[in-house]
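A, B and C are the chain letters, set down in written order, and residue numbers restart from 1 in every chain.
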């Protein structure tokens, strides 16, 4: 079995698919840290919120998946801006522990609010790509997984374009380099914070929307997401977008092979092990911090 | 234990330098902050380190005291002697324990601790007691604490801070905090004191008092290396001055020499200061 | 003096509780309060005096619980042995987790401490030979201290009180010493602390390990008291509750977290909230604290702040 090329290719394909999901989930976190130097402990709950919101829109409002997905991402952007306004903006000049505690508080609130609203039994979202499987030379992939990959590529390209070519993108890059200078030059740092929060939440919300149909939904699902996202961001280099993307991919593939050739415990332990190893050996991550000191 | 009387290091005055900075290089990507800085600091002297903003003075201090890692070069404490220590490879904690102390450009004191506790904390690590010994307050620790309390009382007197001894350091005026910072650095009998802008932001009346303190410190046998922008102070106090410009040692010499060096004037000094020295 | 009289009244009231109310429920809650005092001081050491936002307490708590449970279930050892061993397990975990996490940036510290608890939960779920996985360990016997079994609620209450008292005593010893001064200095200004020769890393590692000792002990007590544990002991809810207790009670003071532990063990019982509602409320309170930064109940009650108390709420 170890030498069966189809099996190995399947493992690789699965790994890439999962990895793209990790990458999509993590770049929002990397963005927030890169631009504002803040860690959002409610990151996983935003993912979870997006998934439950999608569920609610499709079940209660009866809207189709595609429309619901777009709506959800839009709402998440708003939620992200709100979160930034409430928790990050007042604490821009205070110790960063305030933001960590604040976002932790928000994560507690979101988890329990959703649990009260939806109960703790796992729920399920149906997507039009359900049951669609693509066969590429003997390697099987769920259609939904391809959607995840596509979503990531579009999101990453869009984000890069925004940062490079738009005024707000320039402002964001300026803030990531030197916040004090921005204030002096008249760049609205608070506005940038809100935009960054919105983008970050929209990205992880998009991740929630495309990945959620693959698994069960439950209020605690954010914990694993935030943990994997942390690992990806640390391995790739905190604040480094391309680094996080690559690290996400690498983690997905590593986990896939660990699980396929080893066992489940090995697979689950890899993220933690790589993260600790990176922190000890090369704290700036594989690709270093992008510009932000 | 240091009392109030000045102390001299034996009757034979040693001529070897106390600090040898050798070829220190520090770059940040494309920016070269220090480009091979080399000089000796004479034992028991007050030596000045001047230069325009951005010339690398504080970076040099950081590299010597372990707060930044230099890319190349060394800083030897007591070079050539048996107890010589290479400082640039040490963590800040080890540099401090080698009795090289420094102050910061941005004044640092423990604002939440009382003035007295600031002084005591500045002295407590020298004997290197274990955590258990400290928590259980074994007799050695208690003795040391008692001795340090006496010394701190002396410091408070010397720097006129006695009435504020139990107030939080954060409640002191800027000038008082400067004095406290100096006092803290002195608590463990340092051999070398790196002072980063000791009179910056201090009102002129206090500068005179600080000057006196610095002379007294030198008379106690401590070597002072002072970074300062207040050139009047530097020229009055320092026996020798090193001038940095854009990461390189531009020139060095006695105050008169440096003040008249056209290169220094060009890089840095205004006509006013030069004229005052000449006139 | 007024203060001495108040203290005396409190001490008498606390000791007389079993006589005043024989209700097993009241004593049960009182015993739980004692365990939370221990846990709160554990976090207080690292967060309050150390100034580090640690989410690792559940790791030490859970390890202590499992060590005590396994040793008494499988080997039947006397608790006079298993309690110290559980505490020791907490210390070792403190060193193991502290070593990497204290070296890295402050952000990463929080992440690593959180990740450690997740990892331990994973191990507890999967190492079924030892922990029976998600089934958990049940029927943990009553602790036997030097052969004497602790079964009655009153006995549990006194044991809990003794442990809480011991932990508060040790904490006061630590924070009142020059070591405590070094901790507070490192929290106040880390760069300056390094410049004056304080070994900030070792100081923090010691405090972290001691907090592991406390939490490990609490875990052992909890395991015997509730008689059932599962991988959920490594869950985040412990950190959630402790953050409220310590921060609201008065982070970086000796008695603040004690008050916090009492209030936030008793209050949920009195209000009879569903767990989700209680957690939701905690989240809201925590958010309000972050936004409006009161300095803790202890200060509200007008107690004088020691110079060393944490400025960070």
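Throughout what follows, a contact is a pair of C-beta atoms (placed from the backbone, for glycine too) under 8 Å apart; a residue touches a chain by one contact, two chains touch by 3 or more.
Predicted model, so just to flag it, every value in this text is computed and none were measured.
In terms of the stated touch criterion, subunit A and subunit C have no partners in common.
With centres defined by CA atoms alone, the chain at the far end from subunit A is B.
A simple rule picks the central chain: find each chain's mean C-alpha point, then take the one closest to the mean of all protein C-alpha atoms, which gives C. Between the Cα centres of subunit A and subunit C there is a gap of 33 Å. With centres defined as mean CA coordinates, subunit B is found 48 Å away from subunit A.
Subunit B and subunit C have Cα centroids separated by 43 Å.
Residues 65-67, 91-93, 96-97, 101-102, 104, 108-114, 117, 120-122, 124-126, 131, 134-137, 141, 145, 168, 184, 188 of subunit B touch subunit C in their complex.
Interface residues of subunit C, counted against subunit A in their complex, comprise 53, 100, 103-108, 110-112, 114-115, 118-119, 122-123, 126, 236, 240, 243, 247, 276-277, 279-280, 282-284, 286-287, 289-291, 312. Remark: subunit A residues 33, 39, 41, 86-87, 90-91, 95-98, 100-102, 104-109, 111-113, 115-116, 223, 227, 230-231, 234, 238, 264-265, 268-269, 272, 275-276, 279-280, 283 touch subunit C in the complex.
Touching subunit B in their complex are the following residues of subunit C: 173-174, 177-179, 181-182, 184-185, 188-189, 191-200, 202-203, 206, 307-308, 311.
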